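Per-chain residue numbering starts at 1, and chain names A, B, C, D and E are given in the order in which the chains are listed.
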Amino acid sequence: MTLEWVHPGLVLILGAWALPFLKGSTKRIAMVLLPASALLLCLRLEAGTYGAVHFMGQELVFGRVDRLSLVFSYVFALLTLVGMIYALHVDDDAQHMVALTYGGAALGATFAGDFLSLFVFSELMAVAAVLLVWLRRTPAAVSAGFRYLLLHMFGGLCLLGGVVLYWSQTGSLAFGDMSAYAGSAAFNLILMAFLLNAAVPPLGAWLPDAYPEATATGAVFLTAFTTKSAVYALIRGFAGTEMLIWWGAAMAVYGVVYAVLENDARRLLAYHIISQVGYMVCGVGIGTELALNGATAHAFSHILYKALLFMGAGAVLQMTGLRKLSDMGGLYKTMPLTLALYMVGAFAISAAPLFSGFVSKSMVVSSAAETDRAGIFLVLTLASSGTFLHTGLKLPYYMFFGKDRGLRAQEPPVNMLVAMGLAAAACILIGVFPALLYSQLPYLVDYAPYTTRHVFDTLGLLGFTALGFFMLLSHLDPEPSVSLDTDWFYRRGLSAALPVVNRGLARLEGFVGQIYDVVMQRYVLRVAARLRHLDARVIDAAAVGIGGLTQTVSWGLRAMVTGNAQYYGLIMAAGVLAALALAVFLQ
Amino acid sequence: MTTYPILTFTTFLPLVGAAAILLLNQRLARWIALATTVGTLAHSVPLYLNFDKTSSALQFVEAVPWIPSWNVTYGMGVDGISLPFIFLSALLSVLCVAVSWTAIQMRVREFYAALLVSETAMIGLFACTNFFLFYLFWELMIVPMFLLIGVWGSAHRTYAAVKFLMFTLAGSVLMLVGLIALLYASGTLDFQALAHTTPRLSLLVQAWLFVAFLAAFAVKVPMFPVHTWLPDAHTEAPTAGSVILAGILLKMGAYGFLRISLPILPDAVQLFFKPMLVLSAAAIVYGAYVTLAQTDIKRLIAYSSISHMGFVTLGIFTLNRSGVEGAILQMVNHGIITGALFLCVGMIYERTHTREIADYGGLFKVAPIYSTFLALFCLAASGFPGLNSFVGEFLIISGSFRAWPWLGAMGVWGVALGTTYILWLFYRVVLGDVRPGLRGLRLDLDVREVATLVPLVLLALVIGFYPESVLGFLRASVTQLLGVVSGPGEIAGRL
Amino acid sequence: MVPVGACLGLSAVLFGIGLIGFLSRRNIILMLVSVEIMLNAVNVSLAGFSRQLQDQRGQVLALFVIAVAAAEAAVGLGLVLALSRNRPGVNVEDLTQLKW
Amino acid sequence: MEPVAVFSITPLLAILVSAVGALLIAGTGERRANLREFWSVAAGVLQVACVASMIPDVQAGRAPQFVLFRILPGIEFAFRVDGFGLLFALGASVLWIATSFYSIGYMRSLGEHAQTRYFTCFALALSATMGVAFSANLFTLFLFYEGLTLATYPLVAHKETGEAKAGARKYIIYLLGAAKLLLVPAIILIYNVAGTLDFRSGGILPASALAAQPTLLYVVFALFLFGFAKNAVMPMHSWLPAAMVAPTPVSALLHAVAVVKTGVFSTVRVFLFVFGVEAIRHLGADKLALVVASVTILGASLLALGQDNLKARLAFSTISQLSYIVLGAALLTPSGILGGIAHITNHAVSKITLFLCAGSIYASAHKTDVSQTSGLARQMPWTMAAFAIASLSLVGIPPASGFVSKWYLAIGTLQRGNPWLLGVLLTSSLLNAAYLGPVVYKAYFEEAAESGHSEVREIPWMVIPLFVTALASLVLGIYPNPVLTLAGKVVP
Amino acid sequence: MPILAGQIAFYYLAAASVASAILAVTRRNPAHSMLWVLALFMHVAGIFLLVGAEFLAGVQVIVYAGAILVFYLFVLMLLDLPREAAGPPFGAHWPLCAAAGLIFAALLWYAREPGLVLTADGSAAGGPPRGSLLAVGTALFTLFALPFEIASLILLAAIVGTVVVAKRKTES
């Protein structure tokens, strides 16, 4: 760790441990100061490689700084700052520490130059995210967090497996473009790990399952880091993989469809993250400079406006404690400011002109058009219309307008409003001055978003969607339904499979455990008893029997002694007779 | 050699002692017996010290012509194989006198006289160098043992004594016939001459002689089918009787194989060694199984002796160096351990007057010193490495693997069962909760009893860690013995 | 003029008869008498041989046989007298006290 | 690089130190408890000193050697210290000190009976473990291996309840039975074939024997693998859960460090120093070991999932972790073996922390089951922190020591080119997370079921040692070089 | 011709003695058996004469028939046995004894060496035995002096024995 270069991520991670020892206002200042200083550090960084370390015979690079990683580090640091401001009012030290660590880990992953440190930081991110979910301390949160952990462990292990395979084949751990190894086991494993992190269906079901369970402030951080760092990794390693295009497109549609069905506010937004990330994945898949620029830009802007939307929904949750759209409504009277800031986010996400979405999403869409993938172009535009429908219209309408259920919630605390304001300002700034963002993008940008035709097309699209929305308003009432998703598999399936396996194994275990008893008790002892019986009855009896035999013979002989002299005479005669006959005949 | 006839003196000193006891009154009997046995032991020590380990020839030889017409001389001499046993007999006799110090109350003089006569017979048998004397001491041994069991035994002593007599006599009668046939066939009865100088007998004669001697030795060892007298004899014999019986009497049979069958009838041994191996393996496993099922402690240890002696015969008939050396070592070990076990059981029987395992339990809490001794001897009996019978079993099983691998497996199975029944006995008797019956009695050992057990403990440890002390003597004689009997199969050609 | 074989034949027959008498008669005295017959048979054969071998030692032996027969008869009958005193009738089947 | 033998008595001293300690402890008896405790700690410290004094020798390539008796030609009662043995001994003796402190607290707080017997047997068990670590040949190893079984029997049967007795009985029957039935013939056959029992780094089997009797040697290999029942390989494992009936410090030191590690240590010792890598590859016996180890790893982890009792769960986790080491050795690749050996220390450090935490939970909060641990973190912050760190290491998450050995094991599987084994390793780490995770997150994130629980106070005597070992497992993860250099000495 | 007369006499004597022996053995009344035994003794004496053993014949008649037989008769009278009333004269096992006796006789008859049977003229070759009475007397008192004395001793013992055995025990 060369001293002159301080890794911004490390600042956040180590700084977090200082928080519990600070009191009251000094703690608040520190909470803001830490991310701010990290942002400043990132801004001051120039391209180059720093912090190379020799660990277990491997060459680890902690600080590989280039245009791509810089962009992502800016947005991550910025979001950490905004998130911390948003969470100033929360007095649970643990949440802050975890949030900072989470941010630090994301920065770490961005700057990671080799697979090993990337793996280390991504694992750290996974653990931090789980803790964020768990810190909500509701049983639902805890089980959701556990499922999140399991899946990310699986992801982590695939990454580790892939890294090890890659390392054993190439001998180096450098994290660079992998296209040369397309198709190899290592390539697939690493790709799968990042896809899981990027919440690509069917592996992405953890996102809508875990994010709504997090605390109001925690969710803001969750939206940003894990998915976008995965996108960053995909951009760096897997640009131009054909397959990603189709995955991206599918994600876009999948996210929108489920969002429309969804009733829980933050789960709707969570589904929508998947659809937006779909755009980025699709961009990476296309792989042209424009597409990659688009993906990066979209990631940048998406982090900001998605955080803004979550802050809005979080504020409402904070003040009203409600999650379901079906029991919200009529809040515009008491929370006008939140509504306004929320609408900025809504317009940004639906890529309305003068907002950041317009600037970044269109790059990806047009890159699809350039590489004449008509189908993809069509799908992406449809998805963006869907986005405007549910985030832009359905959610605000039912949350703020809709039936007035007499909820008289006040405005959220000041720091939340300030944070939302900052995010909204950023979105507008990028929307109005795209150059700000374009200059930071990894490749030269010669794309002009504000062409009249493009503006008109977008406005037309938005208008039609609005029209459609108001027309079908009655059908779109959110019912308290639970949408089935692939996470059913490991939520129900696994928990069902586990006891069956356990019962079977426990029985086997019991059997093995008892073997020694069975063998010892039944067989050995029974054989021993039978042999003892044999020994006593047969062999001993045989020996005693011989004794008995001699006894009976002697008794028999005794009977011959009748005392009658003539018998003796007869016997003697017989004896002599025999001898005589023998002598005579044997002559 | 030394002009002073040390062997004759060692052999017949106990006889003199016995006569002295019978003449003097009862109170002095114990002390004279102790003095005589200790004297004999002292006498056998110089034997041990200046014995020349390198030569396999007989040492301390004494020869006096006795019956010229039968070419029989009164010959005494000792070589590597018989020396350990002489020392063991002397030692065990001392311990027997010590252990029956308070145990024997009635007819004390006759008891000690019988004990001393048996000692003479034992030492004489191992020290003699011709068949005639061997037979004479063999027969002499039966008489005192019969008396010991018959007079001072417990409940069914007469049955056991008569059974012992019948079995042993049946065997030795056949030996007598063999002896005479041998004399007739080869003209002399001297072991060395028979083994080396006289021309080898024809296979048929050798076979018949082998069978005749087998009968006598098999009953004594005891081998599998003819073993049923041993448990009865052991259960009924007094402690001293069991110690002598297990310690030395069983070894006379095996010693017979080594001294007579192997060197003099080598071709017959080649013919019969496979069935003998099977019999020994059967004895090991069968003995072990039946031991498992016993409920009476002494009977259990008796059956365990059958299994252990099965090992000895297994070792002898592997006919390769490590097997035979292991067998002889195991004979010494078995003498020590089983002798010690019987001493322990005798001591506890003296206090509780019951031999049923069910009546015992939790001895550790009531009699800690006794339990530690018993623990040590049980470990030794189960072949714990570092104690003496591990080395013996190691050599025997290694030899049997070389001769016939399946035998090795049976041997190992025997060892495993051996560990089970000994530790199970120990578990039931010593661990567990204290039986009500045992609570009142003053169970722990007094100084005399500890003194009797300590020498055996020392021997077990010394042989365990330094078996060279016994093996050193055997090496030369065993090589010479095996030279006569060419070993059957040397798979790995090791050693 | 008397062939020895004939004497032997006669002696054999007489001895057989004596034997039958001795083994089967129930009266002790008659058993003793049968013994006398057997002894006579022996004397006949001795005489025959002495004649055939021209050697008088046969006859001397015969004499001794007679002497011994006399002694035996005397003692036997003495015993019979003693026996008959404490038991009526001298029947050999009753005298079985000596059985072990 | 065969280390040059140098005469030195320290290995014997290391063994005698704790044996004498045991005598002193037994001598002082119940009356002067503090003095007795002092003796056991002093013995521990001395033992570590002895063992540590040999580190420079071993590192410089010298192997301290000491021959006591010559039993038979080719069999001696002798000691020889090499990197492998030293590493194991160091781990065991250091952790003994920690456990001694811990058990003082544990015994005092629960007021257990027969504490003298407890500490004496502990010291004896350690001297036996040292014996196994430093034995120069199979005979000495077998002797101390059996001695260890006997020394630990009273510890397992400490509570003297019916259940404790049954567990102890099963414990002794499995270990003694397997030793007698499988080990003795194996040792004898090896003696027959090789003529000697000494350990030599390339293995002692003559080439002629390898060619002549491959099947016999394969059988002997299997006999050794299953004979060392203490390595809890699948069919021979069920004594370990049964031995959980022992008080926690016993299961901590013995079933995490001394007893089970002796089993695995001996197995690896036999693989590398009696058979040797080439011989095993020639016999094809490594496949058997790999299959058995994999089955054990997966089976035991799955079983651990089903156990609600915390100690039972840790027991099954030990069984699966042990087979990592066997797997490592059986891979026959340099880094695989290195990983296996390193895992001995890493697993020891982390597993002992887990067991100590379980003990402290039981002692302070009288909770034994995983389902009862909800909300414990608030009441017992230090214990749960240690538990978390140790489980991180066990699962193999980077900063902790478990990751280092798992990393080398993974590379080992790849050097052998067998992806399936990599699969086994990864799935089992997943399973580790599955059965250790709930304990941690229940303690931290679930509210304690019955609020207003009586004041649960962590006992300092117990918490300090377990936190030290937890930190140790972290430090070994971050700075694994000493462990790796010692282990490296042995890798062929 | 004298040979023929001798043979006829021998055949008569043989037949007569066999018949009297059978009758002596089978008579129910002991007295009758005694008389048949007397007849047997007389015929045997005749055979002795034929064979040339005159002294023997004389002793036979005097000692055997005269003394021993008479002695038997005395005892018979003394015991005053009732006629063999009770039960059959022969023991239950008499067929066995008969068989034994007959086999015995047959064996001896078979065994008599044909060679020994001299042809009629053979006996003549030897001529009359040398003064058989003289020869026997000298032999008795020279060669067999010792056995002669022993014989007298036996007789003495018999006399004393009989007296002791048969004397009625007086309450002394």
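In this text, contacts are C-beta pairs under 8 Å (C-beta built on N, C-alpha and C of every residue); 3 or more make two chains touch, one makes a residue touch a chain.
The shown structure was predicted, so the numbers you read here are calculated from the model rather than taken from an experiment.
Asks: Spell out the chains that contact subunit B while also contacting subunit C.
Replies: The common neighbours are A.
Asks: Hop distance check: subunit A to subunit B, minimum number of steps through touching chains?
Replies: The fewest steps needed to get from subunit A to subunit B is 1.
Asks: Which chains are shared contacts of subunit D and subunit E?
Replies: A
Asks: Using only Cα atoms to place each chain's centre, name the chain farthest from subunit E.
Replies: When every chain centre is compared against subunit E, the largest gap points to A.
Asks: Suppose chain centres are the mean of their C-alpha atoms. Which chain sits farthest from subunit B?
Replies: Looking at centroid distances, A is the chain farthest away.
Asks: My parser should flag the chain pair with the most contacts; which pair should that be?
Replies: C-E
Asks: Point out which chain occupies the most central position, where each centre is the mean of Cα atoms.
Replies: Central chain is D.
Asks: Indicate the whole-number Å distance between the mean C-alpha point of subunit C and the mean C-alpha point of subunit D.
Replies: Whole-Å distance between the two chain centres: 105.
Asks: Report the inter-centroid distance (CA atoms only) between subunit A and subunit C in whole Å.
Replies: 130
Asks: When the C-alpha atoms of subunit A and subunit D are each averaged to a single point, how far apart are the two points in Å?
Replies: Chain centroid spacing, subunit A to subunit D, equals 34 Å.
Asks: Please compute the C-alpha centroid of subunit A, do the same for subunit E, then give the distance between them in whole Å.
Replies: Taking the mean C-alpha position of each chain, the two centres sit 136 Å apart.
Asks: So which stretches of subunit E touch two or more other chains?
Replies: Each of 91, 93, 96-97, 100, 104 in subunit E touches at least two other chains.
Asks: Show the residues in subunit B shared as contacts by 2 or more other chains, in ascending order.
Replies: 420
Asks: Using the touch definition from the top, which residues of subunit A touch two or more other chains?
Replies: 520, 564, 566, 570, 573
Asks: Who touches whom among the chains?
Replies: According to the stated criterion, the contacting chain pairs are A-B, A-C, A-D, A-E, B-D, C-E.
Asks: What part of subunit C is in contact with subunit E in the complex they form?
Replies: Per the stated touch rule, the residues are 1-27, 29-30, 32-34, 36-37, 40, 43-44, 47-48, 50-52, 54, 56-60, 62-64, 66-75, 77-82, 84-85, 89-93.
Asks: So in the complex, which bits of subunit D are touching subunit A?
Replies: The touching residues are 170, 173-174, 177, 234-235, 237-238, 241-242, 299, 302-303, 305-306, 395, 397-399, 404, 407, 410-411, 414-415, 419, 422, 426, 429-430, 433-434, 437-438, 441-442, 444-447, 480, 484.
Asks: Which residues of subunit A touch subunit D in the complex?
Replies: Residues in contact with subunit D: 56, 119-120, 123-124, 127, 130, 134-135, 137, 139, 141-142, 145-146, 149-150, 153-154, 157-158, 160-161, 164-165, 167-168, 185, 498-499, 501-503, 505-506, 509, 512-513, 515-517, 520.
Asks: Show me the residue ranges of subunit E that touch subunit A in the complex, using the header's touch definition.
Replies: So the residues of subunit E touching subunit A come out as 91, 93, 96-97, 100, 103-104, 107, 110-111.
Asks: Enumerate the contact residues on subunit A facing subunit E in the complex.
Replies: Residues in contact with subunit E: 564, 566-567, 570, 573-574, 577, 580-581, 584.
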